[in-house]
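Got some structures for you, see below.
Consider the two complexes below, in which chain A is the common component and chain B and chain C are the respective partners.
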Partner chain A sequence: MSVRFVVGKVLGAFATLAFVLVFNFFLFRVVESNPVATLYRGRNLTDAQRDELTRQFGLDGSKLEQFVRYVEQTLQLNLGRSYATNRPVIEEIWAAAPQTIALVGVATVISMVIGILMGISAGWRRGTTQDRVLTSTSMATWSTPDFWLGMILLTVFAVQLGLFPTGGIEDPTSGATGFAKLLDQAWHMALPCLTLAIAYVGEFALVMRSSILDVMREDYLTLARAKGLRDAQVRDRHAVRNALLPSTALIAINFGFVLSGAIAVETVFSWPGLGLLTTEALRGPDLPMLQGLFLVFSASVIFFNLVADLLYPLLDPRVRYS
Partner chain B sequence: MTALAWGRRKRALAQTWAEYRRDREGMTGLLVLGGFVAVALLAPLLADDAQLSAVNTTGNEVWAPPGEHPPLGTDSLGRPIYDQLVYGSQVSLLVGIAATLIAIVIGTVVGVSAGFFGGWVDAVLNRLSEWFLVIPFIPLAIVLAAILGPSLRNIIFVIGVTSWPVTARLIRAQVLTIKQRLYVERSRALGASSLHVMGRHVLPNVAPLVIANATLTVPVAILSETVLSFLGLSDPLRVSWGSMLEDAFSAGALGREAWWWYLPPGLCVIAVVLAFTLVGRALEAILDPRLRAGRAG
Partner chain C sequence: MTDVLLETRGLHVRFAARRGAVARAVDGVDLAIVRGEVLALVGESGCGKTTLARTILGLERPAAGEVRFEGEPIRYDASYLRRYRGRVQMVFQDPMGALNPRQTVYEAVAEGLRIQKRGDDEAERVAHALSRAGLRPPERFFELYPYELSGGQRQRVVIAGAMVLEPSLLVADEPVSSLDASVRGEILQLMLSLVREAGVTILVVTHDLGLAWNIADRIAVMYLGRIVEEGPAEELLSSPRHPYTRALLSVVPEVEEMEQVILRGEAPDPTRIPAGCRFHERCPLVDSGEAARLGIEERCRGEDLALAPVGGLDAHSVACHAVSR
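What follows is the complex of A and B.
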């Protein structure tokens, strides 16, 4: 992999990020021309108070001055203050991120493993009943709105059967600490995690199935069979290894969507992560919070896309040398 | 266009239909879809839209299960679930199809110009689609919908302007191969303008792919409408399956186990999304030359 290639990809990612910054600025400042007036509608503010608030929210000066200041502050990770709580946006995001990473991260890993296995067995036995059942299951889960699935699972397993809590991250009355607290949180995470895992599994299965079908026609599989390898050996040593490449890219990209992936599901289970933060910010609307969340969501996707781009040539010599 | 060309197109269409009819999954999807379209179009005959407003339903029992208020029960304000479901089909189909039309128009214009003109036009448009591909779609749609305000038009606009890059990429690749064909070169040599070549040779050739792609964009748009509505960004004046789910969730239907309220809208979304996906995949298998080769091999 040449230095030129790496530098090009990294610069491209930064260009995309810069574009997000410009877009973010214009969307929120130009469309919403006077947030102070909107927010404090109906309240009597003195001119001095109004000026003070305008300055606090960084809305004074010309649009160009505002833009320069916005970029400077963003580079220093200062994303402004929430209209709703008046706390720094970055602190709120920082506090909510771990819950989302835990929930969506675990769900992504589970669905990835199961989805890839489903895709392999469906693709390898193409056209059989097993393939048809696995493929239609994958398509059905892909077609299901994830939050609706969450509502159904919540009704059955939490409300009716009482096996799991109906929401939140821990039992506020238990006062448990240490390992017991962790166990309590895992128990609260089970249902939202299951919901997301079911919602994601279809895509992994369908992608893996189609990459298996792509490699099925390759000459090296015929050769492996001619060598006398058993069917399972041909599959595991030759087909799967090559077919995993497109899935690796999908996995890397999916990790980018971890932060923003569970907005509606977190809302259903009142899971205190970035998704719930987004839904709450929508009520105001709390513009600095939405702006900050959008920036963080985009940055994470851009970063993992870069990882996927850089990882690909390392894994696939054909890309490296072409 | 000459009669000869029309005859050829008609034969091609008949052949496509003959092939499509052999696809059982595609036919199932088409049948289900036909059913939903019929319900959406005949909604005024099948249901009573006066029942959608809580002002007119004060006489109904609230939270009535299907047994007490046939056929599907009522919600927390006494509005019958059945009438909401029937009228909800209009919004889902309208948003899905209209947003897809916007996405297809933008995607086709961008894809054709990028592939046809090449050079810096291609570079700029490529960067733009790359950006829209990378940006997390649902958060972008949420932010746009929050700023523009909740209305049916805005929801359609937001989903449309965020869903075009995949189409653009597909069409650009297709245009690049068509550009190399001999007949395009011959047409150019005879002095045809860019516009003529594009309208006469490039667009008719990418059209089948655009149609297959559009059919696969609609389900994504319908799912997006459901999420945006659930997050409270739907048109307050229209009932949609997504807004029914939001109403049910915020009224506490989960705790009361009022499953008849939130089970049907979700099942309808799944049915419509699956139907569009099945039709799209069947079309794609017939119209996409790469998949055709794959099927034969």
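What follows is the complex of A and C.
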């Protein structure tokens, strides 16, 4: 992999990020022009108070001045203050991110492992009952809306059977610490995590299945068999190794969506992560918060796309040299 | 008594086709391969020659009949197949497809050794196989990937991967048809040198009678799942007896003295093999009324027939009512 290739990809990623930055600014200026009036509707504000608030929100001056200030602040990782809590947006995001990363990260890893195994066994036994069952299951779970699935699981397992808590990240009354606290959080995470895992597993399974089908007809599989390799060895050493390549891109891109992936599910389960933060900010609307969240979500997707681009040549020698 | 390395007896291979139909891809083949010879199996695409080759390799199981290797019927249990595959190797038409794009040349050639657990002095054996396949110096090729090689070099790697196991039989399915004309001759030379120097026996499957002419000691012509003519290459090419062989031969560019016979249509599909002689629907003898004049048209249309020796020579045999009348 040449230095030029890496530099090119990194520059490309930064250019995309810069575009998002600009787009983000104008997008939210189109939506809302005067938050002061919205937020303080019905209250009597003096002109001086109004000007002061406008300045605090960074809405004074011309659009160009605002834009320059926005870019400067963003480069210093200052994403402004939340309208709702008046705390810095970056702090709010920083505080909510670990919960989301834990929830969606675990769900992604679980669904990835299970989905890839499902895809391999479905593709390798194409046309069998096993394939049909796995493929239609994948289709069904992939097309199920995750919030709906979440509500069903919540109703059945939390409300009716009482096996799991109905929401939140921990029992506020328990006062448990250390390992017991961690266990409590894991118990709270089970249902939303299951929901997401079911929602994601189908995509991994279907992509892996089609990758397997792509390599299935290759002569080198027959040749490996003709050299005396057993079926499972042919599958694992030759077919899966090659079929994993297209899935690698999907996996990396899916990690990009970890931060933004659970907006609906976090809301259903009141999971205090970035998703819940987003729905709350939408109610306001808390524009600086939304703007900050959008930027972080985009940056994460761009970053993992870059990772996919850089990873691919390491895995596939054909790309390495071309 | 000739030294038969491998033979098929009454071999039938069937596939389930659409709507419950059954394709009789190989439909009663008796074929013997003599140790040390190059036997060419010639036929149009779809005639079952590749299926026959795959069955000989143990990749397909016969519905009836058997494949016998060194006098013993081959078995299909895992340990027998693994040993058998150490003795019988294959070379594919498309060397790019036959090489795993993520394996280096060394890994591709060494894989067979590892599977067959002949791991001692692996590097030496790999180097020897590569240089015998004409890739010299072999070390220069060890770490290359398939896409870094030319088509001819790739085919040499595939051949090296097969020959590294020192097999008794090499089954080559259209070994040069995907290669440039300029390297075809080299690969064929290589295969002939393997016969001479390594004592391997080769079954080469091809649609190209001209190629068979170049390298084969004996030729078997296959049509719709069955061998219709078989004999020493020279004899069969100088005096072909089956109308199908004659038609195939007449369109080989090097054969100028024959009037070209263009067969009507394509071979019927193997789910609907015609009754009688399986070739009669396209046979120029039947078409021209020659068969009727000989008084055999009824039999052509209604009576199936097996290979029979031609004129007392048991080396040359043919399945045609007009010949064995």
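Methods note: the second predicted complex is superposed on the first by the 320 of 322 C-alpha atoms of A that agree within 3 Å, B and C clash if a C-alpha of one lies under 4 Å from a C-alpha of the other, contacts with A are read in each partner's own complex, and residues count from 1 in each chain.
The rule we apply is simple: contacts are C-beta pairs under 8 Å (C-beta built on N, C-alpha and C of every residue); 3 or more make two chains touch, one makes a residue touch a chain.
These numbers come from a predicted model, not from an experiment.
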Touching A:Y220, do we find chain B (first), chain C (second), both, or neither?
second
Given the touch rule stated above, what does A:M151 touch, chain B (first), chain C (second), both, or neither?
first
Could you say whether A:R230 touches chain B, chain C, both of them, or neither, answering first, second, both or neither?
second
Looking at the overlay, what does A:A140 touch: chain B (first), chain C (second), both, or neither?
first
Using the superposition on chain A described above, determine whether A:R241 touches chain B (first), chain C (second), both, or neither.
second
With both complexes overlaid on chain A, does A:F19 touch chain B (first), chain C (second), both or neither?
first
Contacts of A:A84 with chain B and chain C, given as first, second, both or neither:
neither
Comparison of chain B and chain C by chain A residues contacted
B
Need the overlap of the two footprints on chain A, from chain B and from chain C, as residue ranges.
none
Could you pull out which chain C residues touch chain A in their complex?
57, 59, 78, 81-83, 85-86, 89-90, 92-94, 97-102, 111-112, 115-116, 145, 147-148, 158, 161, 165
Okay, in this complex, where on chain A does chain B touch?
12, 15-16, 19-20, 27-28, 31-32, 139-140, 142-145, 147-149, 151-152, 154-155, 159-160, 166, 213, 217, 256-257, 260, 263-264, 267-268, 278-279, 282-283, 285, 290-291, 293-294, 297-298, 301-302, 305
Touching residues of chain A toward chain C in the complex: what are they?
218-220, 222-230, 233, 238, 241-242, 316-318, 321
For chain B, which residues are in contact with chain A within the complex?
127, 130-131, 134-136, 138-140, 142-144, 146-148, 219, 223, 226-227, 230-233, 242, 245, 248-249, 254-255, 257, 259, 262-263, 265-266, 269-270, 273-274, 277, 294, 297
